[in-house]
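Working notes for the structure below.
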Amino acid sequence: MDVLGGLLVVAGAAFLLLGGLGLVRMPDVFNRIQAGTKATTLGTLLSLAGFAGLQPDWTLKLFLIGLFVLFTNPLSSQVLARAAHRAGAEESPLTTVDVLNDEQGK
Amino acid sequence: MSHLLPWLTILLCIAMLVAAIIAIRGLSSPIAILAAGLVSLLASVLFLILASPDVAMTEAAIGSGLTTFLFFFILGRVRSSENDGGPA
Amino acid sequence: MIKRAVALVLLLMLGGIFATLMLGYTPDSELNLTARYYAERTAADLGAANIVTAIVVTYRGLDTLGEVTVLFLSASIVGLVLASNRRPALRVRTPVGELLTTGARFLVPLILLLGVYVFVNGHLTPGGGFQGGAIIASGVLLLLLADPLRHFSHHVIATVESLAGLFYVAIGLAGLFLAGGFLDNRLWPIGTLGELFSAGAIPLIYSLIGLKVGAEFSSMLASLSETEEL
Amino acid sequence: MAELLINLAAMITGVAFLLALWRFFAGPADADRVVAFDVLTIIGITGIVFVAFLEGRGIYLDVALVYALLSFLGVIAVARYLERGL
Amino acid sequence: MAYIAMATGFLLVLIGFYGALTQRNLLRMIVAFTIADSGVNIVIVAIGYMRGRTAPILDATVSAAEAVQRIIDPVPQALVLTAIVIGVGITALMLAYAYRLYERKHTLDIAKLTDLQG
Amino acid sequence: MRSFALLFLTLFLFWVLLNGSLAPDVLVVGAAAALIIAALFPKALSALTDLRPTPRALLTAVAYVFYFLKELIKSNLAVAAIVLSPNLPVNPGIVKVRTKLKSQMGRMLLANSITLTPGTLTVELAGEWLYIHWVTVDAPDIDHATASIVAGFERYLEVMYG
């Protein structure tokens, strides 16, 4: 159980690292939000599961924390993405299509 | 395993100093405010390392939402003639 | 330029003072006299598991009353300073997206309940009235972010605030007559360490402080939100 | 074994923290820094759970709970400011 | 750890004061003040920290009997707790005054504010 | 009335989870607090508000959780593949898709799920239209994009919320 928990924590940390790496490497704001949200959400959830394995007494609290992360993290990312788009954030030259830009007449 | 905590402290302290310097020398006002918010969020983790969960919770509850919001609210109100002074 | 040089010189002097303070500092290895008293007596005398709470609410209860008053004063002054230009109807430049409104409607009750949890359990877990009040104000803040034109009733906020304050002082006075002194928590038996209904009046007092602090922060937010865009 | 794994995880999380911090420091636009801020707060939640585990105190998790539920408010405030809604 | 935290706290105070003294924008002076505020809080909490001890909350891990040997000094924490809350009140007050000032003079730049004089 | 009761139930359940105890004093305080908060926010939503009270909906909810976790892990492996490959094979763009969901809670869950799954991020939600940022755009027109992004989750959420 301890080893399994430890492995889960390491996997979570690896996903967090992936999120950080994506944040540094991706070309524009939207892609960075993508990498940031997904990888860090899964990373946090996995670490919390791992700690629940290491300390079974804490499972309930860790579950609640995971639930909150699951709801608040995508919400803040979406609001931020909308704001970035409205504020006219620069898109990477690789961008192929942007329906929203065309419709808002920018 | 407690030898990890000093390293964590050092990491947090470096990050806080970097954020504080951004807050002072940063280019734009929103980033300065955001950096100040980051200082208080990291301070909350530091308080937890210093074994004061009460203080850490206060800092997390207040530093994350309330203070940042107050600053951005006033900044949004006075936005029209943005004279971003910066250091003299 | 001269200003900056003067600032640097001042800061160098201040830094020197700080450095000598740091060099002269040796950490204690034993608790000092006051802390030892609190550590030894809190559990037996007051029945509170969180010693910081015991200090804030009971041992230094009068100071906390003063602090809440200072906060009340600063909230009132913020209201007063911003009072002259209240406009009923403002417009928002960018409407709020549906995602944020739905998210706020979903999350606000949970945030408020978390605030209640934090201040009701102030004597057992980290947290208490000040943290709980700040969390409740954060719930109000999320409402405000999701609907910038929302109108908060100053009347209700003021009523909650003053009722909480009134009961706080009343319990303090009751302590003077029924127990050992002003704000003494031993109005009724202190119960078993670690249960929710323990530590005498501490959960009640801290809940009242929580409501009062929450109302004060909310009133600051409400008076700010009614200002006009310049 | 578990101890080794925890050490490894702490190191990896530290590197992730530094990467996000770099993005906060360097990010060309305001929005980039806000994304970095968001990621830093989420890594902070894991950090708090780490501290709770290392100190062996379950009650520290309450702080993580508050942190998880409130840290997104700052990001939303900034976002509303950026889209000129505040 | 206490030393590292204390040094950081002092440095934050210095950085905050430097910012408050050299900034020209009133809003950013207030930001600098809040940083100095956090610095002071960190210093006070760091003074109360003792190596190898834990938080002053009694539960299954720390019983009431062994509290004296196991917990750190709770007094600085109670002090900082109130200081943080008051700090927000002060910040809100400063921001309200800044808003009023902007309403009158239509600038937050210190140099321009002193030039205009009424 | 129904939404009030459901909100109360959700809050009460949350309270019990938070405290992790079933002592009578905890339950009394929790019931009082949940009652007051539910009375203060008649407009508030809970995850149960629009949920259809049929056994089928509940079973679908359980299935949905597993489907979502599977997609979440798949999405992270996809992001990993993109981030770790040296030449960043991205082809980003913003596309428009349509949803059939009417309930607000269902739409929020849909948006959140889309944000957390392979290469997609909800940018804006306006009426029945969702604007989605897609890291690797395969099909820019509405129908294809709807089929490949929304359909999977909608199948479950439609049964749950309608």
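A, B, C, D, E and F are the chain letters, set down in written order, and residue numbers restart from 1 in every chain.
FYI, a contact is a pair of C-beta atoms (placed from the backbone, for glycine too) under 8 Å apart; a residue touches a chain by one contact, two chains touch by 3 or more.
Predicted model only: the values in this text are computed from it and were never measured.
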Using the contact definition stated above, find the chains touching both chain D and chain E. B, C
Taking contacts as defined above, which has more of them, A-F or C-F? A-F
Starting from the Cα centroid of chain F, hunt down the chain whose centroid lies farthest away. E
Please compute the C-alpha centroid of chain A, do the same for chain C, then give the distance between them in whole Å. 32
Distance from the mean Cα position of chain B to that of chain A, given in whole angstrom: 21
Need the CA-centroid distance for the pair chain A / chain D, whole Å please. 11
In chain C, residues with contacts to at least two other chains: 3-4, 50, 52, 94, 97, 99-100, 103, 106-107, 110, 114, 118, 125-127, 130-131, 134-135, 138, 141, 145, 217, 220, 224, 227, 230
What parts of chain A, by residue number, touch at least two of the other chains? 21, 33, 37, 41, 61, 64, 71-72, 75, 77-79, 82, 86
Could you say which residues in chain B touch two or more other chains, in rising order? 5, 49, 51-54, 56-58, 61-62, 65-66, 69-70, 73-78, 87-88
Which of the chains touch, listed as pairs? A-C, A-D, A-F, B-C, B-D, B-E, C-D, C-E, C-F, D-E
Which residues of chain B touch chain D in the complex? 1-2, 4-5, 7-8, 11, 15, 18-19, 22, 28, 30-31, 34-35, 37-38, 41-42, 44-45, 48-49, 51, 53, 56-57, 60-61, 64-65, 68-69, 72-73, 75-76, 79
Contact set on chain F toward chain C in their complex: 7, 10-11, 14-15, 18-19, 23, 25-26, 29, 33-34, 37-38, 40-41, 43-47, 104-105, 107-108, 111, 122, 124-126
Complex contact set, residues of chain A against chain F: 15, 18, 21-22, 25-28, 30-31, 33-35, 37-39, 41-42, 60-61, 63-64, 70-71, 74-75, 77-78, 81-82, 85, 91-92, 94-101
Inside the complex, what are the residues of chain A that reach chain C? 71-72, 75, 78-79, 82, 86
Residues of chain C touching chain A in the complex: 94, 97, 99-100, 103, 106-107
